[in-house]
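Letters A, B, C, D and E mark the chains in the order given here, with residues in each chain numbered from 1 onward.
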Amino acid sequence: MAVSWLRRLAARAPVPVFPALGVHGDAMLRELALDPGVELVGSPRHASVLLVAGGVPPDQHAALRRVHDQVPRPFATLWWRSEPLDGLENATRIDAPSALSDALIAAHRDVMLGRRGSSPRLLPDEPPNPWEGLGDDGHGGEGMMGGVPYGRPMAMNMHDDLRDGLTLDSLTFRLGPFFPALPPGMQAEVTLQGDLVQTWAVQHAPYPLGLDAVFFDARQQPVSIAELELARARYHLYRLFHGLWLAGLESVGLHVLRLARSLTPDSRVDGLRRRLARCGFFDLTMTASAALDDEQARQIGGPAARAAGLADDLRSEDANYRRLGFTPVCQQEGNTRARWWQALAEIDQSLALARQAAARDVQTSEVGSVETPRGPWREGQRPQDASHLLDELLPGLEWGEALAAIASLDLAAVSEWPLDASVAEPRTTPPEEYRA
Amino acid sequence: MELLTLFIIMLVILCAGLAVQWPTVRRQSLPTYPQRAPFLGGGLPDTHAWNRYHVRYYPMTLLLIAFEMEMMFMYPWAVVFVEKGMMAMMEMGMFLAILSVGIVYAWREGVFRWQ
Amino acid sequence: MTLMMLLLLAAALIGIGLYGALSQQSFVMLMMGLELILNGVMLAAVAFWALSGAGAPPGQLLTIVVMAVMAIEMAMGFALVVAVYRGKQADMTEALSELKH
Amino acid sequence: MIWEQLVLPTLTVLLALGIGAYAVAVLDRLIAGALGLSRAGSAWLAPLARGAWLLTQSANVTEAPDWQAWRLAPLLYLMLAAVGLALVPWSASLVATDLATSVVLWGSVEALATVVIFLHGWSANAPLALIGAYRYVALGLSYILISMFVLIGVALPAESLQFTQVVASQAELWNVIRQPLGLPLFLIVGLGVSFWGPLNLADSTDLAGGTASEVSGPPRLAWNLARAAMLVAFSGVAATVFLGGWLGPWLPGPLWLVLKMFAVLLALLLAGRLLPRLSPERCVTLMWVVLLPLSFVDLVWAGLEALL
Amino acid sequence: MNHGIGVDIAFFLLAVLAIYSGWRVFCTDSMVRASFFLLVSFIAVGAIMLLLTAVYLGVAMFFMMAVEMMVMALFMVMFMMNPAGLNPMKMVHQERVAMAVGAVGFMVLGAMALFAEFPERPLPADLEPVAALGRELLGESMLIFESAGIVLLTTMIGVVVLSSHRGRYGGAETGSVPPGLMPGGEPAGQPAQGEDSEGGHQHHHH
């Protein structure tokens, strides 16, 4: 039969997966990005499997239901370390990281071959506003602008324009928490006029970040600087991956991921930096927008602050770091572009430190406070969420600029719990020869 | 004959494209309302997306209309260029000079930036 | 396809354009009417050129000039609309009719 | 007569379009694989499997789309690609549409492509698709002038706006050497007209797929197909006007053209994978302030070269 | 002029298309559709020109009008309420008069077409329309060519002056606009707006 022939062929395609990231779900995302059998897509319309990775807080279940219902049939859902929503009790839940990729492929195949029905719709089939084809033409509006034609009101002007004197309509919507270009979990109410962000109000902070366990250890006991710095470099490489993916440079992004996975103190990023500079990533893609002032930079802390010229780094207080010749690297401008330069510079510096430290087997001397890649973690004071700063930073930026700015800023709080080591790559401790 | 060929090609492609879309789209019923809502990562819009969209590059478009009109003169000019020799060259010089003045002026006024 | 039929078509386009230009309240729609009139004019010019003018070069030139007029009309028209809108912040129709008085 | 002038050219164009679109998909995958973005399964089967999957997926609908425009836009885009390819001469005699003004007609294909891509994003009635559509218009209205200047440049030595004449004028020296600025500028146009790689402002990742973000199933297949077909059509035109079209020793003309088209496609697909997406504002400024003056230079160069 | 029946059929179809889409321009609710209906009308007329062997003008019509109607659509959407026609609307005045004028115009012109005698002088067989136009432009009608350049330059400048926010006359306003909120940022808009949006922020925060 023709259809079954078509479906058999379709079953062989790489699985288009839309990832809805829950808490600590981004670690799984990076694994899947390198998986040849899986293709991560940016819109649920392009997906055959909805993957919910990580727990989703109850207050975001409604949004998850909406995303779930936006995937066109037929599709399957897969829940990785996450409790399936009510109504999806039969859905597959996977906890072992190694099984995920195969489970995704199997889910796609099963749906295609009809061994498994499409995931059911969770929300009632009702228009967003009570609406029935009212009026002569069945549109349901009143007058020219009134009513709720097709279930929604019309866009009307609410805001004066920020840039020029033309005040036209603005568009208000809530974005996230599963929008792939935003940090996982972040929800914001956005008003656009044209493609310019008019207002941006963060409604739900991004999920706390899972840091590598070594940063937690470093607060209890001296740890190997090489290990600490490698973890830091890896963290920044992950951020760079996201930034590159957003800029449409997927192939370089995967190169970065691979680099992060096989990171040793001998790794170099000079080539990467040259490549990025040459292809115009800094000059043509990233703009000099969303610059932080000193106060904002201080609130965020960490690399973002150093990109704005504040030389604050807890590592300078550590005697052993000083012995390795550590001084904070800084940029001056504090804008999106400078933050990416900073990220590359920090990776470079971390690798250099790791090289030296591994050669001499140096350990941290300070205990209690540690400079995490997200920012300083002083006595009991984890880096706090700073996403509210976006409300001041983003208005006036073009949509792409705004999202690039978000990607370049690391705003989420640091989670109480370290990243589960089994999710992340096998912890790359420095190879034996460096320890000797 | 050329136009007929072109027309037939267009027709065939149109039919082929329809054949790709039509059968499946016809057969299925309308999706549920939640599916039809625009994708915003789980969020919802307040209103329809269609609005009086603030086109941030509108001065550029107006510039283009005037600019493009000059192209109308340039195509016939290109055909007789070699025949007319240096005169056509001068003509072109003048034209490009005029255009350049327009562009430089517009650039100075920030027309190519998002308004 | 005779000259008469071509001219009839041109006349029809001009007639529709006239209706549009006179009946539409908004300035942009009014410009659409004008464009449609010019469309008819261009067709007529080309028809004369091809069937009655023995391919005299000014026939083609006339069409190009009409197109240029169209482009200038559009560019200036929209620029004016923007300027008026910026000044008045009002819906365009009223703003422009105020200009008239 | 009918066979030679009607059936054969039509079949050639349709076959080239179909095979070309498939080749684009395969080639892009191979390039991606070479750049470290490997996917499981054979590269030859993958486009077909993807097509089959899109045919089985149900087509999405938005709340109140502009139905006709939404469903027509991919078809029209595909049609424009076919028109573009119909203009390409495969040999001195084998050409579907050998208009005296085929250069201008290709220019209109580019202009109409802007309309169609805008329509695709606009008619979905969704915020992100809308932004993609308007972004693309900024790009589309900018690159069109560059394309025109570059193409007028190649028309100068040919003393004609006919593609066959343009090819004939390259019998001694290809335009790619005669007008060294031309092909690089024209490739940028190619990236623009198919919104590929660095100029993918319409369907970009930060818009979750832009104009295609709300499209699924068969209409999305048509859209992707059309986009690949447009790349093919563009590569045909680029090979014709800059790489001497069917000209070449030993091999038959059409084969030469195919080889040259492959070369152009390879360059475009590589650029698409290696370059990041430009920010729209930068893109417009770059086009008008840097590339447009460069195309002036190209035109003056071409003019001087043609007179000497 | 001798041509096959195919040309007649094509002409007839294109004529119907041109008139139908021309008419639809004024009775569709969606502004985008209206502009693109006009584009279709232009394309049909351009194709008729192609049939008349006006190779250059016909094709030029396509690309000129594609760009112009694209811009038209942008501005239509920008300045018209309810641009997509989600609610039906009719923004017409003196419709009867307009209709009458349109009909009278059609009839007068149509009568001219029907009853006036035009000489029948078809195109010479060896005419190259494009080259002829080029020679005309560089020969006798040089003045038109050159003045067109000047006029268009004036249009460009006029357009920029009138429409650009940062234009010469907008400059005065810039003085009253507070400097950007952040270094290198865009002006914060008028003072009243600034307060407005701040109020909005506080509201969202707490």
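By our rule, contacts are C-beta pairs under 8 Å (C-beta built on N, C-alpha and C of every residue); 3 or more make two chains touch, one makes a residue touch a chain.
The chain list, named the UniProt way, goes like this: A = Respiratory-chain NADH dehydrogenase, subunit; B = NADH-quinone oxidoreductase subunit; C = NADH-quinone oxidoreductase subunit K; D = NADH dehydrogenase subunit H; E = NADH-quinone oxidoreductase subunit J.
Just so we're clear, the structure is a prediction, and the values are computed from it rather than from any experiment.
Shared contact partners of chain B and chain E, listed by label: A, C, D.
Across the two candidate interfaces, B-C and A-B, the one carrying more C-beta contacts is A-B.
Chain B has its Cα centroid nearest to the centroid of all protein Cα atoms in the structure. Between chain A and chain C, the centres computed from C-alpha atoms are 52 Å apart. The distance from the centre of chain C to the centre of chain D (NADH dehydrogenase subunit H), with each centre set as the mean of the Cα atoms, comes to 32 Å.
Chain B and chain D (NADH dehydrogenase subunit H) have CA centres that are 14 Å apart.
Annotation for chain C: residues 64, 67-68, 71-72, 74-75, 78-79, 82, 85-86 touch two or more other chains.
Multi-chain contact residues of chain A (touching two or more other chains) are listed as 43, 45, 72-73, 127-128, 149-152, 154, 161, 163-166, 168, 171, 173, 179-180, 194-195, 398.
Counting partner chains per residue, chain B has residues 3-4, 31, 33, 35, 37-41, 45, 48-56, 58, 61-69, 72-73, 75, 78-81, 83, 88, 99, 106, 113-115 touching two or more of them. Touching pairs of chains, sorted by label, consist of A-B, A-C, A-D, A-E, B-C, B-D, B-E, C-E, D-E. Interface residues of chain B facing chain A in the complex, by the touch rule stated above, are 31-35, 37-56, 114-115.
For chain B in complex with chain C, the touching residues are 58, 62-63, 65-66, 68-69, 72-73.
On chain C, the positions that touch chain A within their shared complex are 82, 85-86, 89. Contacts from chain C toward chain E in the complex involve residues 1, 3-26, 28-29, 31-33, 35-36, 39, 42-43, 46-55, 57-58, 60-61, 63-65, 67-68, 70-72, 74-76, 78-83, 85-86, 91-93.
Residue ranges of chain E in contact with chain D (NADH dehydrogenase subunit H), taken from their complex: 30, 32-33, 36, 39, 55-56, 59-60, 62-63, 66-67, 69-71, 73-74, 84, 86, 128-130.
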